[in-house]
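Questions regarding the structure given below will be posed in turn.
The first chain written gets the first letter, and so on, giving A, B, C, D, E and F; residue counts start at 1 in each chain.
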Amino acid sequence: MVEEKSIQEFKSGDEIQGFFIIKKIEMKLSTNNKNFLDLTVSDKTGEINGKVWGCQEGQDKDFPTGSLIKVRGNITEWKGKLQLKINLMRLVNEDDGKNIEDYIQGAPIKPEEMFDEIYEYVQKIKNKDIKNIVEKIILESKEKLMYYPAAKSLHHAIRSGLMYHILRMLRTGEKLSEVYANVNKDLLFAGILLHDIEKLEELNSDELGIAEYSKEGQLLGHISMGMNKISQVGQELGANEEIIMILKHMVLSHHYEPEFGSPKKPMIPEGELLHYIDMIDARMYDMEDHLKNIEPGEFTAPIWSLENRRLYKTSF
Amino acid sequence: MVEEKSIQEFKSGDEIQGFFIIKKIEMKLSTNNKNFLDLTVSDKTGEINGKVWGCQEGQDKDFPTGSLIKVRGNITEWKGKLQLKINLMRLVNEDDGKNIEDYIQGAPIKPEEMFDEIYEYVQKIKNKDIKNIVEKIILESKEKLMYYPAAKSLHHAIRSGLMYHILRMLRTGEKLSEVYANVNKDLLFAGILLHDIEKLEELNSDELGIAEYSKEGQLLGHISMGMNKISQVGQELGANEEIIMILKHMVLSHHYEPEFGSPKKPMIPEGELLHYIDMIDARMYDMEDHLKNIEPGEFTAPIWSLENRRLYKTSF
Amino acid sequence: MVEEKSIQEFKSGDEIQGFFIIKKIEMKLSTNNKNFLDLTVSDKTGEINGKVWGCQEGQDKDFPTGSLIKVRGNITEWKGKLQLKINLMRLVNEDDGKNIEDYIQGAPIKPEEMFDEIYEYVQKIKNKDIKNIVEKIILESKEKLMYYPAAKSLHHAIRSGLMYHILRMLRTGEKLSEVYANVNKDLLFAGILLHDIEKLEELNSDELGIAEYSKEGQLLGHISMGMNKISQVGQELGANEEIIMILKHMVLSHHYEPEFGSPKKPMIPEGELLHYIDMIDARMYDMEDHLKNIEPGEFTAPIWSLENRRLYKTSF
Amino acid sequence: MVEEKSIQEFKSGDEIQGFFIIKKIEMKLSTNNKNFLDLTVSDKTGEINGKVWGCQEGQDKDFPTGSLIKVRGNITEWKGKLQLKINLMRLVNEDDGKNIEDYIQGAPIKPEEMFDEIYEYVQKIKNKDIKNIVEKIILESKEKLMYYPAAKSLHHAIRSGLMYHILRMLRTGEKLSEVYANVNKDLLFAGILLHDIEKLEELNSDELGIAEYSKEGQLLGHISMGMNKISQVGQELGANEEIIMILKHMVLSHHYEPEFGSPKKPMIPEGELLHYIDMIDARMYDMEDHLKNIEPGEFTAPIWSLENRRLYKTSF
Amino acid sequence: MVEEKSIQEFKSGDEIQGFFIIKKIEMKLSTNNKNFLDLTVSDKTGEINGKVWGCQEGQDKDFPTGSLIKVRGNITEWKGKLQLKINLMRLVNEDDGKNIEDYIQGAPIKPEEMFDEIYEYVQKIKNKDIKNIVEKIILESKEKLMYYPAAKSLHHAIRSGLMYHILRMLRTGEKLSEVYANVNKDLLFAGILLHDIEKLEELNSDELGIAEYSKEGQLLGHISMGMNKISQVGQELGANEEIIMILKHMVLSHHYEPEFGSPKKPMIPEGELLHYIDMIDARMYDMEDHLKNIEPGEFTAPIWSLENRRLYKTSF
Amino acid sequence: MVEEKSIQEFKSGDEIQGFFIIKKIEMKLSTNNKNFLDLTVSDKTGEINGKVWGCQEGQDKDFPTGSLIKVRGNITEWKGKLQLKINLMRLVNEDDGKNIEDYIQGAPIKPEEMFDEIYEYVQKIKNKDIKNIVEKIILESKEKLMYYPAAKSLHHAIRSGLMYHILRMLRTGEKLSEVYANVNKDLLFAGILLHDIEKLEELNSDELGIAEYSKEGQLLGHISMGMNKISQVGQELGANEEIIMILKHMVLSHHYEPEFGSPKKPMIPEGELLHYIDMIDARMYDMEDHLKNIEPGEFTAPIWSLENRRLYKTSF
């Protein structure tokens, strides 16, 4: 029997029907020289690879990336991963009464709420120069922040993922500064708010949060670009030179290791904390994301972004 | 004029007098073939290298490690480091009315208070098996925990340093679990409480918190030893097999990288957090420790334990 | 003409018939959306990948792993490797008069003989404590030792491969201790006998010697598990503390490099020798295994387990 | 007999007299508790370490860094290196009729000549935007360029060393672009002219070319600072966006390896060439510098900046 | 409409016809168990992968490597790479009036011209011993030099590629020795002429410049083989011992890093230059080769031989 | 009381007298500007650093390296190492009746005996070509083999150390080939006999076994030189090409890792064994050498040649 299921509920052998968003679509040639469509489709609960066998040249043009489709198909398994063999597929029409918003994989908090909370943290910064720089940059970035992911394919690669990442880091930063009370909270909050801000230019994202690298992103990277942004805004606002320098140092050093893009390591405690808070949030996101799909007592498949570790879900 | 100063206040050119503890003492031969004493002395505020020039063979025997001495001398500078040239030195006697307790470099919180707070965290563990294992080990370790340092010469190498390290990690762990609410607090607390527990056997420490590696420490290391401890206690208590295994996995993986002693990386989120909490506490300790001696706007000398970084103290 | 051949004799173009064991079997979907069976089959002389094209959903259930089958098919070549295209295939029945024992790839010496020789080495250990620990562990492990491989897919991944590995290492150890006469033979033999013993728990193997990692194997690894075993047995027997510690050190350090699982390098000559004897036996096994299939004057394909080296077979 | 010699001519055993510049001076305490002066002195031909034994506290204040002194002393050898034991030393006075200019170790071409030649290269740039950016930066930097070294202690750590480095690279770049004719000369020249330009801010140098790192230099480094400079000037001049981006990319990538400060590798041929031209000039400088002091058929001591290689001077 | 196009002009969707050389041909089995031919074909402008679907067993034998064929087919795209689906294919016959020479991908200068220019450089060597060794080796190698590529699949893997590589390096070397005038030109030219000379024995190449590794090449490598060659010829000619040694040192060290085959780094400036000249020529070749296929303002795909960098083509 | 002791028996505080050989002697200047002699002296049991304080310029010339001296002095301790403070010292004269032979640290077997045993192994080689090459080289090397050490300062840096190293490796090789019976003994013996043979030219040793690197040794290394030797001799004797190539491959690959000098890893089992046999002998030598000086239950100081491991001496 055909069941209406969300992606997270799929099991090998299911015959399913549902609504999904197209994240990627490509016409390919099988080794027996027949055309087929290779897609990635998603809903709120996850994403899955799908195939449409034996289709016409050009059929991919009818289904642009980002459209909401209705699908009927079978779930099969290939090398330990589920796959969706699509038997029927069409674009959603008005009669379906479906809203694409309900199918987008995004941060679990509403963008407006997240922005408000982030903006409160900006207000907590006491040093005028630091606050002014951060506030100007955050306000100018607001429009993109509302939907930008934090990555093309790594952690927080979901709609509004970048803001969600910043928000959880701010919460963590605030709590850590209660334990490590010597830390300069102004600097720590500013570092968190600005560290990834030029991902907004390093990536080109559509409103669904699907992103590609920009030209400048590839040639310069968000760290260099972020430092430049701080220089510009800092000079416009006539901020203190040392403050500009230190904010740039925090952005420069937040990846920590040269091979991950930071030619300098943090030379201030707030920079050190920024790095670890960043790592913790990225790793907790990835781990949660992979563990949600397995049963207690099981291991995940090796996870590339975690150096091919397999994660284990405890059963107690 | 001779001033009574604590070590942290020393400046090159001072003529000082004060009371200090001997941490290391060795008779050496200068290149012009004269005996001299080479010492490390400390008080609550820090430690310094000292020399007694032109002394008698055997004079080092009169001043055993750990004794409190009265010293008069001059502060000089050698390769950018202060040095104490000792002109007069004798053991403290009753008339001095000094208490060695007041000169020991130790954690800033009293051991009993720290233990009580740590023990409260033990009580917060809800899973019976986890709690039983942790409680038994912590209670059995209490005596040593009261004064053990966390290292021979790295971070927290002070009296009661290990407990101070554990305590701040517990506080951090509790706060992080408010942001990352899926985390199993029982596991996280247990991991923090047990991760370094066999430093109590890896090191041999005197009551001043001055430590050397034990034989077993060198041949096996505190990670292997800690896993063994958990096995033993877990079996005695008839604890659930998976719980024993997971606690051992947390200890095994907490150094994260093979070259730092962990052959496996964490495969559960609580192990991942444990590692980062450990790093944060060690780094914040080291950074505070080095920054306290410099002025705003200055850099420290390169710090070995921080990959030879020089730290900067902001002036705003 | 259809020939009855063993796997080692296969050549591209052959039409063959024979009896084989199924080591792995999986139903897959070809890129033209047809089901096919993908198998690994083996006999005493080697293993080969096979395909059954155009088969029914569920057909894989009729042929469980470990069963002996009769096959007719063609040998083809794919990317420099032979492949078996299966035309006919059925389970062996009584009339075939075949014994699965004759088709299992296993150590070239009978398990009972190997065990006896290994046990003789145990008897050669003079130190009572060492002997008692080793003897207890070896006797308790006997049942599994009889058929366990030494690995899932690396060297000695054959039935009784672990025991064969231990045995050849003992022979080598004995000979080396004639050249390096200062070496403590008791320790060396004990180290060899125990170094991999917890592969019996790190892996779950069936009686054909086909293995998967266990949960504990993945989370802790055979080195940690082996150390724990020695602790337990040593304490039960009330053995000398230093002996327990040294035996654990040998297990801990036998992989030599942190990135291969040993956080400590050997600190005793017997541990150093153990490592090299282990390496030699693994490498000689792998090299023999790959060279047997090529002609003098030829190179093998790159071999993954030998860092992608190609081996050469001399022609003189 | 006392001979008037330049530093390059010193031999162990010489009794010498001459005029030298003080590059570094420090009062130290010998292990037998006597004060001595530890100096580095230089003339046009090289530098040497010197000692003044048994001197008064404060005597170092009479001889500030950068002063020209008259010295009489003996040349001795210590661990394979020559050393100057100073017997007499005084500041130069008018009667000596000496000009400090004649004793400074500097580039072998006059600064004005070098600047003129460099400026000619600027004029050879045909693209208006590139030329404008480069010209503005070079002209604004002229004053410092006249005397800045290229490093604190590595290659070209001499007066006007940075300009000499740039000049020889331009000559090389021009010649290479004759062989590799597809290369965009405008870009190549611009990259050479700008790649190290912020060494003028990364270092603080006096007019003798003796330098220390600046605060910003340590926290940000000349690569980040150079990119920022190009952004600023480019925007002021309203230059084409892609040109600004590419010039920044060349600065960003010219150290080539992350661990040497470049988070991106060159993605254009001109960036690739820039890197190799930079390496060649640095290495040829270092090699010449070390080989000039040895005889044909001999090896130098291990050279730190050349990964501890010893160089050989051929005798044919 | 079917167009006559060269490979560089192909675009996805084209229906083309043309003449090409077979560089590689293999019969394969598709996953739906049908035979197909998998080829690499080339002309002067590049190479492309091609497929002939549904062909007969043995058909590959009719089209040996190195033959010139006439093809009709369609250009498709597969994973971002163009592919040629061959519909018709036959060997060229006399009536076609085609000359294989016009389809071989080779150096852009005629072999005879290149050899003459190289030989002129030999004549510029003034030192008799160096000249004699180089001349003898170059003359003996002439026949192979005329067509040998410099590699199996890396830079300069085209007909006469090795000579083209040597020639451009000689031109560069000559120019660099104008800037770095202390360099011994005899040595530099000799090093360039001999550094890769045993690629003539490390590889076995056919006259089209298509090569495989020889047995000796795999077991010893062209560096060891080249040193041996110099020893032999040097001794035959009774050359000066130091000269032989230095020439061998240049060959030994020209790959610079142990992991690329040089156990020693250059200890003479000429060896240092040789390395960088070699790198520059290899890199410029690779970059030109990849950039020629993209439009200004675009990036290439990641390039394996350039550590997976993507190159950018500037649009100004 | 003054005691006659050998170096191994020295204890801190001893007043000793004895005969020793000078291995190194240098006149130095103390930091208080007095001359002193810095020596290394040895006898059969070990070596020790010594000082003669307050001596005359030129006094070192009276005591050339390699002379036997009579010494009276005191044993002191400096940084955990014993040192000999020499009070009286003179060259041995006829009346002393001492033979330098009795004081040289050398292999524990007589050179002639070792050579005879080595030569027997040569005779065991059955393949004529292999035997001829090996025999010629060994016979030609005999004179130097009698006294050459295997290193300047690493393992087997004693008189006749190279031959001792070869001999124990041959014994080990013979035994291993009993366990791994497929191994070609001719190749294995030849590889062992030739692998380090050009240390005879890489080093310049005096008859006491004290060595320095030769010019060729530094520029080319014994691996390259050894390959060349085999080529030469092989060609002279008209040996089979493959045999020459394989013997060279064994020499080339015996250090195994590029960073230790082998650009290729062994591609034949005999080469693999050669490497491990070499490692075992070097390590067993070093370990024995360091363990002989400590008591059971103790650790050595960190040993540089063993990656700074500390060794432990078991007490059972």
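In this section, a contact is a pair of C-beta atoms (placed from the backbone, for glycine too) under 8 Å apart; a residue touches a chain by one contact, two chains touch by 3 or more.
Quick caveat, the model's predicted, so the values are computed rather than measured.
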From subunit C, count the fewest steps through touching chains until subunit D is reached.
2
Which chains lie in contact with each of subunit B and subunit E?
A, C, D, F
Could you pull out the chain whose C-alpha mean position is farthest off from that of subunit B?
E
When subunit E meets its copy subunit F, do both sides use mostly the same residue numbers (more than half shared) or mostly different ones?
same
Applying the document's contact definition, name the chain pair with more C-beta pairs in contact, D-E or B-D.
D-E
CA centroid of subunit B to CA centroid of subunit C, Å
46
Just the number, please: Cα centre separation of subunit A and subunit C in whole Å.
43
Expressed in whole Å, how far the mean CA point of subunit A lies from that of subunit B is 40
If you look at subunit A, which of its residues touch at least two other chains?
31-32, 215, 218-219, 246, 267, 297, 299, 310, 312
Mind listing each pair of touching chains for me?
A-B, A-C, A-D, A-E, B-C, B-D, B-F, C-E, C-F, D-E, D-F, E-F
Report the residues of subunit D in contact with subunit F in the complex, numbered from low to high.
30-32, 34, 36, 51, 53-54, 76, 78, 83, 85, 297, 299, 310, 312
Subunit A residues within the subunit E interface of the complex
28-29, 31-33, 215, 218-219
Residue positions on subunit C within touch of subunit F in the complex are 127, 129, 168, 171-172, 175-176, 178-180, 182-184, 187, 240, 242-243, 246, 265-269, 272-273, 276, 279-280, 283-284, 287-288, 291, 297, 299, 306-307, 309-316
With touch defined as at the start, can you tell me which subunit E residues reach subunit F in the complex?
215-216, 218-221, 223-224, 227-228, 231-232, 245-246, 248-249, 252, 257-264, 267
